[in-house]
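Please read the structure below before turning to the comments.
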Amino acid sequence: MSDRKTRFGRLSRHELGITVAMSTMTEERLRVRYGDTDMMGHAYYANYLYWFEQARGAWCRDRGFTYKGLEEMGYKLPVVEVWARYKGEVKYDDWIVVRVWLAERKRAAIQFRYEVVNESLGKVVTEGYTWHVFVGEEMKPVTISDAVKSMLDREPSDWERLP
Amino acid sequence: MSDRKTRFGRLSRHELGITVAMSTMTEERLRVRYGDTDMMGHAYYANYLYWFEQARGAWCRDRGFTYKGLEEMGYKLPVVEVWARYKGEVKYDDWIVVRVWLAERKRAAIQFRYEVVNESLGKVVTEGYTWHVFVGEEMKPVTISDAVKSMLDREPSDWERLP
Amino acid sequence: MSDRKTRFGRLSRHELGITVAMSTMTEERLRVRYGDTDMMGHAYYANYLYWFEQARGAWCRDRGFTYKGLEEMGYKLPVVEVWARYKGEVKYDDWIVVRVWLAERKRAAIQFRYEVVNESLGKVVTEGYTWHVFVGEEMKPVTISDAVKSMLDREPSDWERLP
Amino acid sequence: MSDRKTRFGRLSRHELGITVAMSTMTEERLRVRYGDTDMMGHAYYANYLYWFEQARGAWCRDRGFTYKGLEEMGYKLPVVEVWARYKGEVKYDDWIVVRVWLAERKRAAIQFRYEVVNESLGKVVTEGYTWHVFVGEEMKPVTISDAVKSMLDREPSDWERLP
């Protein structure tokens, strides 16, 4: 994510990837299913968003909690913005690794960034980010509590990854 | 898309939405399915990318050709970049209208921009863009031919929308 | 659905398709999306279940109510059984018509049957059924009330199809 | 699968589950994603078909080959029939185990059967089957070759599971 522009125009600060990672990277490994492909023979572009979500779940478990647990605490984290750049091929039966890390935290929102590595190709084939707002019961944005902040600040090394 | 920034950081030129639309807007209307929702009760964020694709297909038919026809001409238009901002709710059984227009054209790539209007709310709930590269048989980028350029430049008013 | 067996074994009463239709057929027309296909070039088999659901929604609106309305009345109709036989091809951009009708009603359950017609081929390419149980607030099966029975017994001709 | 009928009618030979398993059971474990759920809070019924497919892939690898390899040999195995009965709940973040085994083999078709175990509940929540036809290059049914028969007859214990 060091390149300063895509072939397709100037990039925003997020897209420039100059955000300092706020968290250690978590990796989630998964295999591409036949149903994830389209007639072009590649994984359909919408499926990557499912993989991003799966990686976020792993990121939480890496820190000793679950997204489900956050919802039980009364929070929801709807996605309010997503960006992805597809730079390489992902095909059926490929093993991919989704790297995810917390890149930014605001009063009521957080940004996760992602890199999708295609193990068959041994390179990063996709990168992206998602912005999430913390909302309460009526889907109204709420300030992230200190309790949650400390959860987001956890170091995987200090926690046993939840099964 | 007049606002110059999101709550979530400075925006790229594309995201600023100041690109001059290169084409008349095409609208595609669809209803949200039960299977499009998630346990939060809203349409899952990945589904919007399917809707964008459906709208692109309508944009082509509005100009007297089909995306399928482009593939039969030997072109494929894989998505190389996607961005979406979710600003409002979309729920089961809502009627939504996806507005799509060609926003930019480069030597071998085009950008479509989108607005998703939730008819139940009467407002734009999501906006986004996709970048597509024109590739040939071996998935290698190819310069957009004049024949295709003229198809992209068509005015819906001059063409009967394909069924 | 007159044939009494598939190439793949004897069929159950449901599969024999000898159930007397309890309702007029409703038709829902839709176009196959690129994301619905897989690398084999056909619509992936799971997508038909989304189409079945979309057709059920149309079946309700054809009778002046919505599935959403049933949920607002306190009912949910989870699918407890599904069967489908794929007999012909469905490809990208094909227009298909999903025929749906109520085939059976038990104390707390109903069966919908389906036929998927591929307009490009002009033939029935898929048939199937789904069984749904009426459940109440705690997802416990409940007897179908007379009020709901009368809704299920409605004739489309007597009702204006909801938009 | 010992029960001889559902609440929803007499069952076919397949559904009776009295078919003698032709192969050792293979198990594939996966976690339910947020995007797999619907507003009812359960996994949407179509997603199970993706899980069945993922389990079939594992069944092959358990025997030292891959479905992808079969396609490279010139075969395709489109699904021509699917059946599933949903008997229990599957929710977000649940760990499920999909059991799959070869239940029947005909001249040009095979049937896989499935059981989905929800580890959180410790019980079988869904069962099903899929029928697949072996087709060649032009999607025409072809007799299963002895080479492929011997692959289908393999015992996992004799083969190292492919990664």
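Chains here go by letter, A, B, C and D, matching the order in which they are written, and residues are numbered from 1 within each.
Here, a contact is a pair of C-beta atoms (placed from the backbone, for glycine too) under 8 Å apart; a residue touches a chain by one contact, two chains touch by 3 or more.
No experiment lies behind these values; they were computed from the predicted model shown.
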What is the chain whose Cα centre is as far as it gets from that of subunit D?
B
With centres defined as the mean C-alpha position, give me the subunit B-subunit C separation in Å.
30
Averaging over Cα atoms per chain, report the distance between subunit A and subunit B in Å.
23
Rounded to the nearest Å, the gap separating the Cα centres of subunit B and subunit D is 36
Give the residues of subunit D touching no fewer than two other chains, as numbers and ranges.
34-35, 40, 46, 49-50, 92
So that we know how the chains sit together, what is the shape of their touch graph: line, ring, star, complete or other?
complete
Any idea which subunit D residues touch subunit A in the complex?
31, 33-35, 49-50, 53-54, 57, 66-68, 92-93, 95, 163
Subunit B to subunit D touching residues, read off their complex:
34-35, 37-41, 44, 46, 91-92
Going by the contact rule set out above, which residues of subunit C touch subunit D in the complex?
6-15, 40, 42, 45-47, 49-50, 76, 78-87, 89, 104, 106, 109, 111, 131, 139
